[in-house]
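Same chain, two partners: chain A is paired with chain B first, then with chain C.
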Partner chain A sequence: MLRDKRQEYLTALILVGPFVLIYGVLFVWPTIQMVMLSFTDAPLIGPGEWVAWENYVKILGHRLFHSAFWNTAYFVLLTVIPNTLVSLLIAMAVNRLDGWKQGLVLACFFLPYILPVSVVFLTWNWIIDVQYGLAQVFVRPFNGGEPMSLTRTIPAFMPTVAFVTIWWTMGFNILLFIAGLRTISPEIYEAASLDSAGRWRQFSRITWPLIWPITVLVLTIQLIAQLKIFDQVYLFSIGGRQDATITLVQYIYKLAFQQNRGGEAATAAVLLFAMIVVLSVLQYQLLRARGEK
Partner chain B sequence: MSTEILSRSQAATVDRARRDRPLDFIGIALTAITLLVALASFFPIYWAIITSIKTDSEVISGGNSLWPNRFSFDSYVHIWTNTNIGIWYVNSFVTSLAITILVIVSSAGCAYALSQLDFPGRRVIYVLILACFMVPMQALIVNHFVLMAQFKLLNTWAGIILPQLIVPVTIIVYKQFFDSVPKEFREAAQMDSAGHFKILFRIYLPMNWGVTAALAIITFIGAWNAFLWPFLAATGEATMTVPVGITQVKDAYGIVYGKLMASAVVAGLPVAIIYLIFQRRVTQAIMLSAGVKG
Partner chain C sequence: MADIVLKDVSKAYGVVQVLDNVSMHIRSGEFIVFLGPSGCGKSTLLRMIAGLEAVNSGEIHIGDRRVDTLPPNRRGVAMVFQNYALYPHMTVRQNMSFGLENIGTDKAEIARRVDEAARMLEIGPMLDRRPAQLSGGQRQRVAIGRAIVREPDAFLLDEPLSNLDAGLRVRTRVELAQLHQRIGTTMIFVTHDQTEAMTLASRIVVMNNRKVEQIGTPMEIYSRPASRFVAAFVGSPAMNFIPVSAIRNTDSGLQVEAGGATITAAFASPAGNVEGLTLGIRPEALRVASDGALKGRIALLERLGDRTLVHVTLADGTLVIGEDVGKSTLEPGTEVALAIDGAGTHLFDAEGVAYHAD
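Coming up: the complex of A and B.
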């Protein structure tokens, strides 16, 4: 029996070994190092002096950090709620189709989601191009008949990137919503139509309350994902005034890789990390509260 | 009296039929709108493909025609001969495949141990996995870079692969499925004095073959599409992956749009094909990992 136990431990060790090695070296160690680095004035590569909380004071008072924070918040605002509403609407529309029609329409909405961000960027950069872009047909009337660069005009930048992001990622949300809609029994709707409840009443009294848990899930997954935004915003801002549209991860990138300030970059990373931990815990509590109800 | 009742019920039927008819009309309109919006959503992809097979002169002077006057694959020939896209393709395939295999193997093993074995340190591993969900990988870029520099792995395949091996969702999904395998299977196998490795590879993995396929596909797609880390880890053209290379390398193209669209099509093609073939598996994998995040 004791030998069995020992053998079980040995087996467990072999099975868990790769995981422990990978996560130890590539997750636990860098996380500890990040916190340590944030208290030093080290460059990206190389040692530095211990400066205690100096970096934190500096970063929290840094104007670019404030821009990065507010730009990120603005981007979250422009994407999360609109994306959720549009996705729910489309999911309901797709859900009432049947057979091959549903499969085809769903594929149309989902295909963008599996494409790399570079492809999304190149495609839309061409569509909104000032000189030859197709979208200028829609832009001109709003700009006195003149074409306008949507990514070089600062007020238009975030809404444009948010629009592209919604187009790119809504497939994921639509999928979750459709799965949720399918769990609502059709008998409830039949009973409602016998009581001659109209489409709007059916939606507000049946669909919306029953889909609410999925809506919360979709909202929180997106919220945390969009806080970590980098790729699209960075790509669309290449060659433009990047500081005006900088986001939090971009700020970390700039400090570390463009200004060689490793310690300060780590500090910004710890701050981002703290925000996401707080939100994750809130999300967990929110979803658990739902589960207990 | 009776005729009156009859006529009243008839009237009700007619009334209901009349109410049903406009409803059906709304239904048709809704379907039409849905189809139109779906087409609009697909249009950018269509437009990228069409642009890539137009001639340069047509791209800028064709008045945005929806179908090329003359099919031209010059853009594809151009990017093949003038950029390193072939090398980027090899880099992308090697790194994505390696990430997929390493993630699946290490996750399946760890999940089996967590699900079926009793050993000290289980709780620690659980806490570690949960912590992983919270730490944003984007926050770790600085220290991943420092670490890879210390290992002298920048601008190598290994340097691109290693930080992308942190995929805690895979372990949780595997564990959930291993938990639901009836214990009798394992006990019967142990009666025949089969070891745990044999049980894992002969019973648990084959029984959950579909899950492995779904997880492997989604891991591969994720690795292929990864941008931020490969962008940082590969600074030389020779080690870039496709998504990084096509946005970072600008050569003197002249009229670039057709060529850029050709490179976009080439970059998106592998994942698009995988999705179209394994549609159901991709959907399943996304549902599974979203369920875990909930």
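Coming up: the complex of A and C.
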């Protein structure tokens, strides 16, 4: 119907125009502004003087930035792979149920995912409370029979927040894995059982390779989400030694909104942005290549 | 190579009975076809032999072993699935080797068997491809190849031709028959297509409504159907059924009046009760002839070249199909007479039990 090329281009432009405009104004422009800001000594509001690479030198040598970097890395390590594995295990178990049972169990696992972070924080803060928390039943035997604050004991802080995060977010991963598992025809497992493949062989030679693209997706989504960790760590650390458990986004928040150092905050943000881009592209490519072998 | 014996095998899903006391003896090397309409339980029966469905009661023996409590891989059978069930992430060679690797077969032996099967099925050039890069017919061959390399006691094939287009289906059917002749292993083939059953089977097991209706060679099934169901299900065009109006015992046999005609044949029938009796005549036993006993008006002609199928409406409204051999000059709407070949007729009682005219 669209006879000439010009009309076709115009239609295309009208269709993508609104998106390009909104994306440009709300995402691309602020990103460019942020990069520009990182080369100035601007406060949170208003312009600043051009300082070239000074902010980068300063931030990279800042001790708190180092703690934030390692805390974030530790948190990523504690959440990304465990969350993916736990989600896959639960998805495979749920997938074996039939009919309404599957729906019910899946809904139970998905329910935490729809909760806002404030509710997750309050709920778990009660559960792990030193005085009346249910979790103390499990904590006491490991602490000589004494209760212990999991969020005020620095070595226990990150594992605790990681555990809560896995509990909170795994519903979505389980859903992705179940969608992937459902694409594998039951006949393939029947053929495998005739081919003398036991449970483990069926998992390692059939389920795992066939679910691999979903695993890569889940790992990548997780990696990006956990590198940006802020809410849970911030909430659980209120009233504690926040600098000991600080993460990268929290560090940016502190520079910008507590110390009014817009330029330095922008610098830290650019560094985090670069890290996320490099890591996620690298991970995705590496994992995908492995799957194709 | 082994006989397969089923003894009173039954299966139910909850309250729904799908198989009811099925028994049969399949001899080593036979090509058995389970034939029946959708939902008659034929696929379930095959899956029970394979070990993919549990047996509720009864026994299954393969060779001298009772197998119904054994897992699928210990029954010595290989299966070809309707949708092939190839492993999509593995190459053709890996698909065919997988089962042998799992039982720890020597690598050189695996390679030998895969290469031999690939040569037999002409899939040699595709060994390094993945199933997604193959056509339907090629996938079918790989599925058969995967079964062959295991050198099973019996092949179980679940409607393996149903996903192929018409031309390929006929070709694959011939190849399957040749394959059976060459390797001589017992094959059990499930289909709802009577042509496949007639052309492939050494014996056909006709199933209906949870039960075995008849077991016999294709010609037995065709010419001496055990029941009205078998008579109607096998044969194309289907057998004609005309309600019987009267029967009389005479010296030359049983005299049957149906559709305004009288035929006499040596039916082994319980004489007397005419209630619910039906006369069954195959279309080829109903020939157009000027002195024919069955008279009616031509409703439709199907010209097939060497013969013409004549659809005739009888005086009582019954529609029958007869044949006019050679170049037919018949016209629709005209009167026609059909001669009945008494030897090609069957009587069915109200329960559908058949009585043959010889």
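Assume the second predicted complex is superposed on the first by the 253 of 293 C-alpha atoms of A that agree within 3 Å, B and C clash if a C-alpha of one lies under 4 Å from a C-alpha of the other, contacts with A are read in each partner's own complex, and residues count from 1 in each chain.
By our rule, a contact is a pair of C-beta atoms (placed from the backbone, for glycine too) under 8 Å apart; a residue touches a chain by one contact, two chains touch by 3 or more.
Everything numeric here is computed off the predicted structure, so don't read it as measured data.
**Q** Have a look at where A:Y9 lands relative to chain B and chain C in the superposition and call it first, second, both or neither.
**A** The answer is first: A:Y9 touches chain B but not chain C.
**Q** Who does A:I206 touch here: chain B (first), chain C (second), both, or neither?
**A** A:I206 sits against chain C, while chain B stays out of touch.
**Q** Examine A:L282 and indicate which partner it touches, taking first as chain B and second as chain C; both and neither are also allowed.
**A** Neither partner.
**Q** Could you say whether A:A266 touches chain B, chain C, both of them, or neither, answering first, second, both or neither?
**A** After superposition on chain A, A:A266 lies in contact with chain B alone.
**Q** Given the touch rule stated above, what does A:I154 touch, chain B (first), chain C (second), both, or neither?
**A** neither
**Q** Just chain B (first), just chain C (second), both, or neither: which does A:E190 touch?
**A** second
**Q** In the superposed model, does chain B or chain C contact more residues of chain A?
**A** B
**Q** Based on the superposed arrangement, let me know which partner A:I81 touches: chain B (first), chain C (second), both, or neither?
**A** In the superposition, A:I81 touches no partner, neither chain B nor chain C.
**Q** Could you list, by residue number, the parts of chain C that touch chain A in their complex?
**A** 50-52, 71-73, 77-79, 81, 83, 85-89, 98-99, 102-103, 146, 150
**Q** Would you pull the chain A residues touching chain B in the complex into a rising list?
**A** 8-9, 11-16, 18-20, 22-23, 25-31, 33-34, 37, 44-45, 90, 93-94, 96-97, 101, 103-105, 107-112, 114-119, 121-127, 129, 131-132, 134, 167, 172, 175-176, 179, 199, 217, 221, 224, 227-228, 230-231, 235, 238, 249, 252-253, 256-257, 262, 265-266, 269-270, 272-273, 276-277, 280-281, 287
**Q** Which chain B residues qualify as touching chain A in the complex?
**A** Answer in residue numbers: 26-27, 30-31, 33-35, 37-39, 41-42, 44-45, 47-48, 51, 59-60, 64, 102, 105-107, 109-110, 112-114, 117-121, 125, 128, 132-136, 138-147, 149, 162-163, 165-166, 171, 195-197, 200, 221, 224-225, 227-228, 232, 242-244, 246-247, 257, 260-261, 263-265, 267-268, 271-272, 274-276, 279, 282-283, 286-287, 290, 293-294.
**Q** How about chain A: which of its residues touch chain C in the complex?
**A** Per the stated touch rule, the residues are 185, 187-188, 190-198, 201, 205-206, 209-210.
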